[in-house]
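In the two complexes below, chain A is the common chain; its partner is chain B in one and chain C in the other.
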Partner chain A sequence: MTPDAITLRDVSKFYGEVLGVNRITLDLKPGLTGLVGPNGSGKSTLMHLLTGLLRPTRGEISVLGVDPGDPERLFRIVGYCTQYDSFPSGATGLSFLRHALALHGVPADEGDRRCFELLQQVGLADAARRRIAGYSKGMRQRIKLAHALGHAPRVLVLDEPLNGLDPMGRAEMIRLFKELAADGRFVIVSSHILHEVDAICDAVVMVHGGSVVAEGQIRAVRGEITSQPIQVLVRCDRPRAIAAAALALDHVVEAKLLDDGASVLVRTRDADAFYASLTGIVIGSGAAVETVLPADESVDAVYGYLIGQPGVPT
Partner chain B sequence: MAVYERAWRPYAGRLTPMGRRFLVVTRYALAQAFESRLFTAFYAACFLPSLLALFLIYISHNLALLEQLGLTREFMGGLTLVFFRLLFLWQAIPGFFLMAILAPRLIAPDLANSALPLYLSRPIDRRDYVLGKLAALFLVVSPPTWVMGLALFLLQAVEEGGGWGVTNWRIALAYLVGHLVWILVISLLGLAISAWVRYRPAALGALFALLFVLSAFGSAVNGITRSSIGDVVHLTRAIASVVQHLFGAPTSSGLPVAVNWLTLAAVALLSVFVLNRKLRAHEVVR
Partner chain C sequence: MSSARWTLWRRQAWAVARHELVRSVFSGRVVPVLLLLAMPLSLAGLRAFFLPPGQRLDLAHSTADFAQMFALFHLRFVVFFACAVVFAKLFRGEILERSLHYSLLAPLDRAVLVAGKYVGGLMAAWLLLLPATALTFVLFHLPHGAAGFRQVLSGTGAAHLAGYLAVVALACCAYGALFLLAGLYFSNPMVPALIFLGWEVATPFLPPALKALSFVHYLSSLLPVPPSLGPLALLTRPVDPWLAGCGLLAATTVLLVLAVRKARGLEVTYSAE
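Right, the complex of A and B next:
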């Protein structure tokens, strides 16, 4: 159990006879990690295990060397943003944060200063003295995030933090997550909206039926799914010539001309070899290439390949 | 994986000691309690028996006033054990209502709104949470009960002089221990019922119903068996007997006072057990 990583070793959680998560082994590194999976896949259970709100039926968990069963030590280094939309009745944004910081042991004067910093950070400074009950869904998400950030934790566990946010709010939050990760923190974000995770995360943990089906960087995970050839989209002015040249390569299994007449979708068993050959193909065909991009190196596609349900798993 | 430079700095300032952290829960629970004007008014009314007793102690030692009123010092038979026992009762009843009203307000909304994950994602555990709520109940109920009781005892002892305080030390003991036990048992029971039913009005009703049902059941068992065995579950009689014993008076239960103590201990332990089962960040599905 290293003091500079979040590790789970053979962790299982059963709710009576209902499986929560099963034999999960993970090593999470600093940066933005996405926890993805459909509703009921075990994402929240995993987050609750990481934050000590649930105890594992078996296995060991260490968060930067701290046992999640010790809330005093754990919540000095962990900030948790629950998915539940519940707040003390009558609380204002400011009083809610004050209460949280007081429980973290921050003295009142320092706590007040910190509260206003946090409210500024999440864009709620103007609504500080308004009751949370009157906040919009997006504002409530942001005050929860401020709550998680209050004591400057190194690990942030954010359960569906983008739910209910409008596009502007999402963009702001995503920028904030990236800033937090850029500071060297562990930012673990759960979501069942895959393209969102794809856009923000350095690495993903894919959960399905209580088990981890894949973890790591999307590209690396995709590269390991050898049963599904990798798709590369090439946009150029001579797609037929590119397709013909690509089909001559052993590892290319298909080259499909798209309806727009300016793209070819190449399916290959060896993406690296294809990218290495592509320059020669382009020069040989005399085509002017506009774009070359992986067509299925997304969380969405990878998840579909792994669990056999292409599309957004909601 | 992107390479990040570690620029994060944790909060490095002074922290309040961990042992006192539960008092934050208490502070907010107290603020929540006195948000209601109705509750605040009722709380003020809970001091009336003690204020009346204060008045009686005052006039019983004011010979000039007694003369003006045409009374003698013996107008209420002196300030005897009976006077303080009655006062205890008139303090304990409003105290019970205070706990019955307040206990569900402190816990039931947190459970009903799934707020425990939020609470417990701070550096406190379930024990601190319960301790914080319990301390709030203790701080609310103490002033109109044992604090006023002991103050009146001291006043009477000073006014009476002649070693009255020493002679009647059991009154002070009864006020202190009796009220503390009453507060502890009913508070724990109230919190446990609130954690169980999760709905404030239902918790209030359940607390009254439980006391009534246990008392009725105990009395029925006594009647059927023509014994006092039913007092084992007769919670109100158990507490009454314990207090009577503390006052040095005959007890109303037919059972030894040790059994009454055991009844109270069992209720408290059962309440702790229920709290331990029900106060969890996440419900365990079975």
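Right, the complex of A and C next:
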């Protein structure tokens, strides 16, 4: 259990007879880590375990060397934005944050200054004295984020943090998460919207049925799924010529012309070899290439392959 | 233990206590307690209004009436249920409104959380029950005019009032700890509260060993004016006041220790509640 990483060793959680998560072993590093999986896959259970809101039935968890069963030490370094859309009755944005900071032992005057900084940071300064019960879904999401960020934690655990935010709000929050990650913090974000995770995370942990089905950088995870040929999309002015040349390579299993008449989708068992041959193919065919894109190195596609439902991951 | 840590714990416990005090006194939670408090006050008001002229000169009569009303109704029903409402909601209220996790996501030893909530509940209960008890006492002496006021302010009545207030304060401590614990264990703490009320009411009929497990047995021993219990008096033998006071405080401590143990293992599974 190292003091500079988040580790889970053989962690299981049962709710009576019902399995929450099963024998999870993970090492999380600083940066943005996406926890992905459909609703009910065990993401929130995993996050609750990391933050001590649930105790593992078996296994060990260490968050930067701290046992999640020790809230006094844990929440000096951890902030958690939960999935729960509920607040203490009658609380205003300001009183909610003020109380949270008071529990951190922050003196009142310093607490007030910090509250307004936080409210400014999440764009709620104007609504500070309004009751949270009257906030929109996006505003409630923001105040929860402010609560989690209040004590500048080294580890930020965010359960579906972009739910309810408008596109502008999402972009602002994503920028904030990236800044925090760039600052060397651990930012763990769960989402069932896979392309969202794809857009923001350095690494992913894919959860299905309470188990981790893959973890690491998306490209590396995709590379390990050898049963599914990798798809590469080539946009060019002579897709037929590219397709014909690609099919001559022994590792290419399919070259499919797309309906737009200007693209070819190549499926290969060896992406590196294909990329190495591509320059020669392009020169040989005389085609003008617009773009070359990996077509299934997204979280969405990889998740689909891993759980055996390509194309319908969520 | 460093003094900085104590200072932090004190500050955190005070933050929790203040929060609970505000929630218990300045929110809708206070309505059932106010309704309970209105009962003895209304009773005292009606008695003051309708007391026959012949009894208006007899202060001893009012003293005995209040003792009776306090022992059989105020303590056993009003104080009991007011504490149930205030203390059972300290944890259960937050579980029901799904906001308990905010307390559990703070760098707070669970013992400090329990202590803060208990102190907040106690302040709220005292703030509501002590003035209401004093006011009821005054209303009972109101029909006696100037003599009644002299009795309340400087005579034996003042000592009696202090005694009743001490009993209420102590009852809040003991019942408070019990209902805080009930709120941690039961999804509907009113069920164990009603069972315990039955136990408290049945106390005079219980064998001595079981009487010792009743709060009202000790509280009754501390009353400044023993109520007239008729034939039931044969079944009750008062406990030494020191033993009664210390016994209640010891029971309170045990209940709070159990609450801390339960709170340390508390998990957030709202859907299971």
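To be clear about the criterion, the second predicted complex is superposed on the first by the 310 of 314 C-alpha atoms of A that agree within 3 Å, B and C clash if a C-alpha of one lies under 4 Å from a C-alpha of the other, contacts with A are read in each partner's own complex, and residues count from 1 in each chain.
Following the convention adopted for this analysis, a contact is a pair of C-beta atoms (placed from the backbone, for glycine too) under 8 Å apart; a residue touches a chain by one contact, two chains touch by 3 or more.
This is a predicted model, so every value here is computed, not measured.
K.L.:
Kindly say whether there is room for both chain B and chain C on chain A in the superposition, answering fit or clash.
P.N.:
Partners clash after overlay.
K.L.:
Determine, under the contact definition given at the top, whether A:E110 touches first (chain B), second (chain C), both, or neither.
P.N.:
In the superposition, A:E110 contacts chain B only.
K.L.:
Looking at chain A, does chain C or chain B touch more of its residues?
P.N.:
Counting residues of chain A touched by each partner, the higher count goes to B.
K.L.:
Should A:R140 be classified as contacting the first partner (chain B), the second (chain C), both, or neither?
P.N.:
In the superposition, A:R140 contacts neither chain B nor chain C.
K.L.:
Which of the two partners, first being chain B and second being chain C, lies in contact with A:A152: first, second, both, or neither?
P.N.:
first
K.L.:
Now for A:K43: first (chain B), second (chain C), both, or neither, which partner does it touch?
P.N.:
Neither chain B nor chain C is touched by A:K43.
K.L.:
Quick check for you: in the superposed arrangement, does A:H208 touch first (chain B), second (chain C), both or neither?
P.N.:
Neither partner.
K.L.:
Same chain A residues contacting chain B and chain C, which ones?
P.N.:
Touching chain B and chain C on chain A: residues 15, 48, 51, 53-54, 71-76, 80, 82, 84, 86-90, 99-100, 102-105, 107, 147, 151.
K.L.:
Please output the residues of chain C touching chain A within their complex, sorted ascending.
P.N.:
Those in contact with chain A are residues 8, 11-12, 15-16, 19, 23, 27-28, 94, 97-99, 101-110, 265, 267-270, 272.
K.L.:
What residues on chain A touch chain C, complex-wise?
P.N.:
Going through chain A, the ones touching chain C are 15, 48, 51-55, 71-76, 79-80, 82, 84, 86-90, 99-100, 102-105, 107, 147, 151.
K.L.:
Which positions of chain A touch chain B when the two form their complex?
P.N.:
Going by the criterion above, the answer is residues 15-18, 29-31, 48, 51, 53-54, 71-78, 80, 82, 84, 86-90, 99-100, 102-107, 110, 114, 147-148, 151-154, 181-185, 202-203, 217.
K.L.:
Which of the residues in chain B come into contact with chain A in the complex?
P.N.:
1-2, 4-11, 13-18, 21, 24-25, 27-28, 32, 35, 109, 113-115, 117-118, 120-125, 281-282, 284-286
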